[in-house]
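Here the chain labels run A, B and C in written order, and each chain numbers its own residues starting at 1.
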Amino acid sequence: MIKVRGLKKVYPSAVALRGVDMDIQDNEWLSIMGPSGSGKSTLLNILGGLDYPTEGSVSYDGKEITTMKEDELAVFRRENIGFIFQQSYLIPYLTALENVMLAQYFHSIVDEKEAAEALKRVGLSHRLHHRPSELSGGEQQRVCIARALINSPKVLLADEPTGNLDRENTRVILELLGELHSNEGFTIVLVTHDPYVAGWGKRLLTMEDGRIIKDESFHS
Amino acid sequence: MSLFIPEAFIGSIKGTIAISASWLVINSYLSSKNKETGPVHLFILILWFMLLFIAGTFIEFDAFYKDQIRRVSAYMFGLLLITAIFSSGWSLKREFRLFYIFLIMLLYGPDVMSLSFFLKDLSAMRQNFTGAYIAGITGFLSGLSLLFFEKKIRSGLSPYLSLTGLFFSLSAIKLLLGGTGGYAELSLIPAVQRGLMKFFHDLVHQLFVFFMVPDHPLLKTTVWNFIGLIFGEAFTMIATLCILVIPPLVIVLRLLKRPEEVPEGLKGAERRKYIHEFMLLNRKRAFPIFLFALMVSFFWFFKAESGPGLYIPQPVPVVEEEGFVIIKLKEPGRELGDGNIHKFILRKDEKTYRFFIFKRPDGKFSVCLDACEICPPEGYGQARQHLICIYCNTPIPFNTVGEPGGCNPIPVGYIMTEKEIKIEVEEILKKWRLVHSGVSRE
Amino acid sequence: MFFRVIINFLRKEKKAVTVIFFSTVAGTAVIATMLSLSFEIEDKVKRELRSFGANIIVEPEVKGLMSLAGQPHYLMESDIPRVKTIFWRHNIIGIAPFLEATLDGNINGKAYKFNGLGTWFDKELPVPGEKGFMKTGVFTVVSWWYVDGRLPLKRECLFGSALAGRLGLKIGDTVTFGKEVFTITGILSTGSREDDFIVMSLEEMQRIKGLAGRVSYIWISALTTPMDEFAYKDPSKMTPAEYEKWYCTGYVTSIAKQIEEVIRGSSARPVWRVAEAEGNILRKLKLAVYLLSLITLLASAMGLSAALMSSFLKRSREIGLMKALGGGGLKISLLLLSGVAAVTVLASLGGFLLSLFLSDIIGKEVFGTGLENRVLLLPIALLIGIFMTIAGAFLPLRRSLSLKPAIVLKGME
């Protein structure tokens, strides 16, 4: 369970978060919506240990991460968190397979068979040795999903994962995420401004001006 | 003259740092096995070394025994090294703390005694008894101060130590810091080299005997020259490096391998993490062993660059036969005429007499006592172009060996036949009376 | 994966690769050359110290009123064998007496005043009280005399190279001293004052000058224990133990003292061998070489550092991503440096090869012979290359690794 209490983030030029409190249950699919500048990406970065808050606490199963040092955070990230970004941040000169293996390398050691297996699960078994530039946007994002999940994280943090995709590809990606979510049982926190994408989650937080203004749960 | 004598300080601080460091390393290893040593053990250890120190200071030892004590230190080191290499296959069920305490006692016992001899010599030479001992004892205590940091160092050190790593670390410490005069450890490389030379020489010789190759004169010059070329200095030098460095490197390589089996049920990321952590731990454990190999290569490099040092062979015991000592010119593994000094030792009436046989470059054999008329009998070593008196460092030109006078070794008459050299025991005893007794003249 | 990282670095960052390559080649080449030079110096010094040279000079003792008279004093040639009777006789390995005097010579009808020197060239000296002979002569005390031609016999002499050059003389020419005609049998090069002398056998010199049995000074070469602090102590203030040790040690001072006692009217003093003085200069040179190497190392590392700084800056997104993926500092550094290491290893090899060439040139320039090629320098060059990489990469890496991944990836919101 992730507990967020009194989270504030102040940048020199602006205030991004003005006090956020929330709990995220294990195995939950949480969507966060809000206009740009509402602080949702900042929240996600702090949840993922990419950034430190100005004030407040974030704890995973009782373990506080805001007080961790840089290298402790790195260990925490590689063992617990998977990231998917809006742009498919892939290393351009490495093949799809190697991009996945890079995450393995940082986590522990590389295992090519396992990485190929992971790419097969996202439907890319025929694209193992292609560079990112040779893949479509949807395929790139699938590589990112495979990479994010290769180290069996407890939490998947997605920041506008379908922001650059058309509706059809968006649907494919979300279906894939849904399938993996129900199979592997990790928590998803997904930031978006697209209500269609947000609708895939079981719970929706709406943010505005650095605060959560609405917290809804759907049951389907 | 200043009261404080730096050599005494450095000599003793080196010794005690070595002891303290060994103690720390052993304790770090034991603490990872949940076996800690207590203050009692430390007390035993310190008491032991103090006793040895006092014994070394107040008991007057013969130069010969002093030398033997220094040699024991070298042997201990060799034993430690061999243990280190073979221990990689051991898995000990129970480990006794006392065993390790005993190990330190043995390892550094000779060193502490040498230290006491060293301080004694130094205070005599500098005519400054108090200074030498104050400096020595200060060094002693400063070295022990390392023990205050024990708790801190221990936890940092223990992941790096396996049983093998422990032995290699102890070897490394001894190699770096042991020995006040640098007797035992600096001779590691030449000692191994000489051993190898002898081994190869014997091997070839035995092969010849085995295949009954006749000792044909023609064969001798050409073939032996060829063999000499192969098993000469350069070759044995490289072989020495291999012998000293390959075993630890093999152990290191074995430690760098992946685990052979991974617990069932671990899959994906968990499995990788298990393997990774296993490898990380082993890499840490390989580190001290690798460091040892590196250090030896380093020493080897300097040794190879600086050329051979003093050649001081171990005296071979001989016996009296009807009033004579008879030494064959040629024996498997030994040829008196090879241009090296060959030392022998005779025991008679609870006294020892050392002498050596040397074939000079001009072809003449010389039999001399391993002592001269003026120096305390510490004997001679062989350098490239002359013998050197170990006590006073005076060089003796090869072609004057066998002539009396100066710091030259005292010549002994001998009877030479085709196959052997006969020396009258009475002659040795008579000439040994000329040897300087160690008490001041005048 | 590593392979592709390296290839990408080589292909995409041509500028950085070029800078790194050349600064490493230059750095390792210069340092390897310097080191081989310093090894050579070390060897030279050792060889020189090993080769014999006179270390004791025996001169007539001049004291009191005698010095006012201004007349030359001589030692007796017949005293020389007594040197082999002293306590340290076995350690005397070379003896050469010299008679030095001016010679009035005549070449092709022109009169000159020459410096003349008579010495033993090759003499078997009978050892008193023993059957044997000892090989003595000028070549047992100096190793740097070189004769072009042959050694002179009766009515023959050598000309110092400088003197011969000045007068335009060559082997076979003659010079007249009084009524006697001497033939030049060789040209002597010593690199010191004897190059301006006429050198002949001691016997001839004594005969011409009418100084039978006299010598001006004697050079003696003795095998001695190196002087240490102890050797300078005053024996009268020693403890019995110290005195004993001092007494039986063959210091050059003790040997000189004993020589003085057997050669009448002499004063013997130790001289430091030429090589030892040279050795000091060479040791200083060595220090300079090390300092220069260090500076070169720093300069190369700085070049590397600058190149890497801009290269890593360009790749900061990649680095940010690696950090987001949970990469630790060590693993990211390994990835980033793998390309650099490939370049520097190649460059150090190149630097090593270049140093072979350079040391050949420099060796010819400095010592007149090419330096010994040392394979040992190869691992050293590689180590230097690796060290340069680490030193040069330290700052850029630290900077890149301290970047916050969130900022690098997204920029501020």
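Note that in this section a contact is a pair of C-beta atoms (placed from the backbone, for glycine too) under 8 Å apart; a residue touches a chain by one contact, two chains touch by 3 or more.
If you're wondering where the values come from, they're calculated on a predicted model, not measured in any experiment.
Every chain gets a centre from its CA atoms, and the centre nearest the mean of all protein CA atoms is that of B. A comparison of the A-B and A-C interfaces places the larger number of contacting C-beta pairs at A-C.
In this assembly, the chain whose C-alpha centre lies farthest from chain A is C. We define each chain's centre as the mean of its Cα atoms; on that basis chain B and chain C are separated by 33 Å. Look at where the CA atoms of chain A average out and do the same for chain B: the two points lie 64 Å apart. With centres defined as mean CA coordinates, chain C is found 70 Å away from chain A. Contacts with at least two other chains are made by residues 79, 107, 151 of chain A. Shared contact sites, meaning residues of chain B that touch two or more other chains, are absent. Those residues of chain A that touch chain B in the shared complex are 79, 104, 107-109, 111, 114, 150-152. Those residues of chain A that touch chain C in the shared complex are 11, 13-14, 16, 36-37, 39, 41-42, 45, 48, 50-51, 71, 74-79, 81, 83, 85, 89, 91, 93-95, 98, 101-103, 105-107, 110, 147, 151. Residues of chain B touching chain A in their complex: 268-270, 272-273, 275-277, 279. Touching chain C in their complex are the following residues of chain B: 124-125, 127, 301, 305, 372, 374-375, 385-386, 391-397, 400, 403, 405-408, 436, 440-442. Here chain C touches chain B in the complex through residues 39, 50, 87-91, 93, 223-226, 230, 238-245, 247-250, 376, going by the rule given at the top.
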